[in-house]
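Have a look at these structures, which come just after this line.
Here come two complexes built around subunit A, the first alongside subunit B, the second alongside subunit C.
What follows is the complex of A and B.
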């Protein structure tokens, strides 16, 4: 099984569209360099980066050949994990560089992992036709909502991914495990 | 024989009527997309939360109003990207209408969003007057009745054109629709972090340009009364670099709008079919360079 997965890594990496992820990373790193030169508070920038990178990783779950690959001896969840690993590792590397360049209240990979897990959970449990699209939109919505929702209590809850990312990661991971056969 | 007599008239009128029909169909689809309307609500809400507060950074409210438009621009780009992405399907090349006409029809169909941005700009102007003006500067160079200039209020309209062009370019050239969401989100929300582009050398390259520019005019020990009386000033405790002039320029904003039109034209060239692309690239480059040079000349 693992051999099959290892053999699938290269074709999967070739099938993934890297250009949007590269564009997102380039914009974020350029913004981080500008932020470092300006020496300004980068909290909003960090939240945007976490949401953008998480959405990019989740969008990588979209596999146009999914129905074709249903017959191969690698489960759909394993193929998803392979895609998440292939996109997640570069995203973590970009996040790490971004994190070092900017000065913000939040640091560490927690927010990125929490938002990615939330997106994956929505992609697993969402309606099959738009599941990945909804999953990719989830980090964006979670990032934007606390800024615009008038209720402070609601904003605090939505912003848990930023303030208590590890608990959110745990909850979302449990949801992913529960939906692994979907 | 009757068909041969009818055909010439039909070929003359067909392109215009077909383009018109396409515009109407695409406009209806784009306007039914809920994303731009939800984003418009967020933008309007963000605009409403901006109001001058005692103790704020001088100019905070004046600066805060402009980037509030970012969610609307994101929504416009998403709504426009969907139909342009549809053009990638294999059935589209076999359509009886040339690709250039279809592209033009989609762009024209997106114009209602530009009208929405214009209405938003009018709302901003009304809101500022409703608040009695915004605050800029600190004593002795201060005003509590600052209003954005016409050129600054025109910026959301130029930005809406950029949003339409960006949605068209990204939608047409990206193979996966799902990848558009993070890309457009990052692009629009990064450029809305306006202080990144606050340095005078970087400001001309900004997308959402926020004035005033803070130009250092003297050390902290300088007598602020020695500066021209019409200067808006900011100094200690708000700055660590001595006295700064809060500089608002309508000319800078107009040249920035020219730069935005250049970017929009270049992005449309990316979405446009091969024939005619060079002309758009040339026009976009000329506008963008003119906008950049104009801004550089205007900034003191």
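What follows is the complex of A and C.
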């Protein structure tokens, strides 16, 4: 991370809208506590939590002042990376607390990272006007699709982010690298 | 068409040869050639003429599909050169948005950080100076969301000015400014133009007449005319007149006051020619190229 980017961290953190992230985190942690107390459906909760947190992180790519900052030496790619780091680290911390609170078949940061990477990839490759919106919607869609589409084979493929998260993370990361200058 | 100012080629801060940019089937900028030195250049043209696309290319925000571009002697197609250009570039986009929770001082300071200014004290002094220059000295500690549209536009302008850029690209900088603020803007830009090149797009021909040393008229992606504001006005010499009746033979007619109409075209017999303005020249040029 270069010097300018390090100096930009604090004002960038101030520029990010934290309220949605705080609200999603609060609701998820409350749900985890409730599920633990009542022996609720932990697996579904984990999937929902991963999708919610990933959508929150990806939505942080939205920068209202992006057009004004389009011609500064610190590139849009570096600024996106900074935003993802600033939002991603607290999201991982929330996830880690959530993970300890729930007793699910799936554990570890894999699903959260895989869904976030998928969302970022869609945000980078999507049509510029709605890119971040599409990117943020991607984790939610990937979480919901297996529940609404009856085909078992299709559901299995869509649920790879849950069953094989590290491979999905790898593929999405490669897509992000390929689209880093978009 | 090559558009050159009177200075020598060694003064060229901005050069373009055949730059073209298309969005799908629509060619927004079509084989534009430029050679601009220090001073203020105004880009005029109807909506959809390609002004914003050209300015985004000159600000390194968009890469042209074809053609060569030289900004401050560097080729922005190369990432390292592009970064170097951006260190010396100020850009004001059309309808910029800002962080509502920031103060103008914080916003300009943030842009200065992203322009890689390392010394915090110097950065802050400069941010204060540019905000005072755009007339926001008293409002620099207020939240941006509480400021009027014109004041927010001036915050964005101050953000473009910070870092003493050698190349300033401004897309409709006077939007939302009242007449007094427009006059103040002229002083700020005149000051900047002493050390570098200012390229601005506008619909306001009075702005161009008062401020610019050179005018480019764009239409359908091409530069269809270039010269000084005086030369643009002179294009309509002997082709503009006023009367109190409609003139069906005129190329264009418009109301200039109660019962008074101004006409552009071939002067009818017996009519007295009016003194042409930049407006007249612009309307004639864009009319004749269509």
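Rule of thumb we're sticking to: the second predicted complex is superposed on the first by the 179 of 182 C-alpha atoms of A that agree within 3 Å, B and C clash if a C-alpha of one lies under 4 Å from a C-alpha of the other, contacts with A are read in each partner's own complex, and residues count from 1 in each chain.
We adopt the following convention: a contact is a pair of C-beta atoms (placed from the backbone, for glycine too) under 8 Å apart; a residue touches a chain by one contact, two chains touch by 3 or more.
Only a predicted model underlies this, so the values are computations on that prediction, with no experimental measurement involved.
**Q** When the two structures are superposed on subunit A, do subunit B and subunit C clash or fit side by side?
**A** fit
**Q** Could you look at A:8 and tell me whether it touches subunit B, subunit C, both or neither (first, second, both, neither)?
**A** A:8: touches subunit C, not subunit B.
**Q** Comparing subunit B against subunit C, which has contacts with more of the residues in subunit A?
**A** After superposition, B is the partner touching more of subunit A.
**Q** Answer with first, second, both or neither: which of subunit B and subunit C does A:136 touch in the superposed model?
**A** first
**Q** Where does A:68 make contact in the superposed view: on subunit B (first), on subunit C (second), on both, or on neither?
**A** In the superposition, A:68 touches subunit C alone.
**Q** Quick check for you: in the superposed arrangement, does A:116 touch first (subunit B), second (subunit C), both or neither?
**A** A:116 sits against neither subunit B nor subunit C.
**Q** State the minimum pairwise Cα distance, in Å, between subunit B and subunit C in the overlaid complexes.
**A** Subunit B and subunit C, overlaid via chain A, are at closest 9 Å apart by C-alpha.
**Q** Using the touch definition up top, name the residues of subunit A that touch subunit B in the complex.
**A** 17, 19-21, 23-24, 27-28, 31, 34-35, 37-38, 40, 44-45, 48-49, 51-53, 55-56, 59, 62, 132-133, 136-137, 139-140, 143-144, 147-148, 150
**Q** Give every residue of subunit B touching subunit A within the complex, in rising order.
**A** Residues 42, 45-46, 71, 174-183, 185-187, 189-190, 193, 195-199, 202 of subunit B touch subunit A in their complex.
**Q** Considering only the defined contacts, which subunit A positions touch subunit C in the complex?
**A** Against subunit C, subunit A makes touches at 3-4, 7-8, 11-12, 14-15, 64-65, 67-75, 79.
**Q** Show which residues of subunit C lie in contact with subunit A when the two form their complex.
**A** 56, 59-61, 83-84, 86-87, 89, 91-93, 95-102, 106-107, 109-111, 113-116, 118, 156, 159-160, 169
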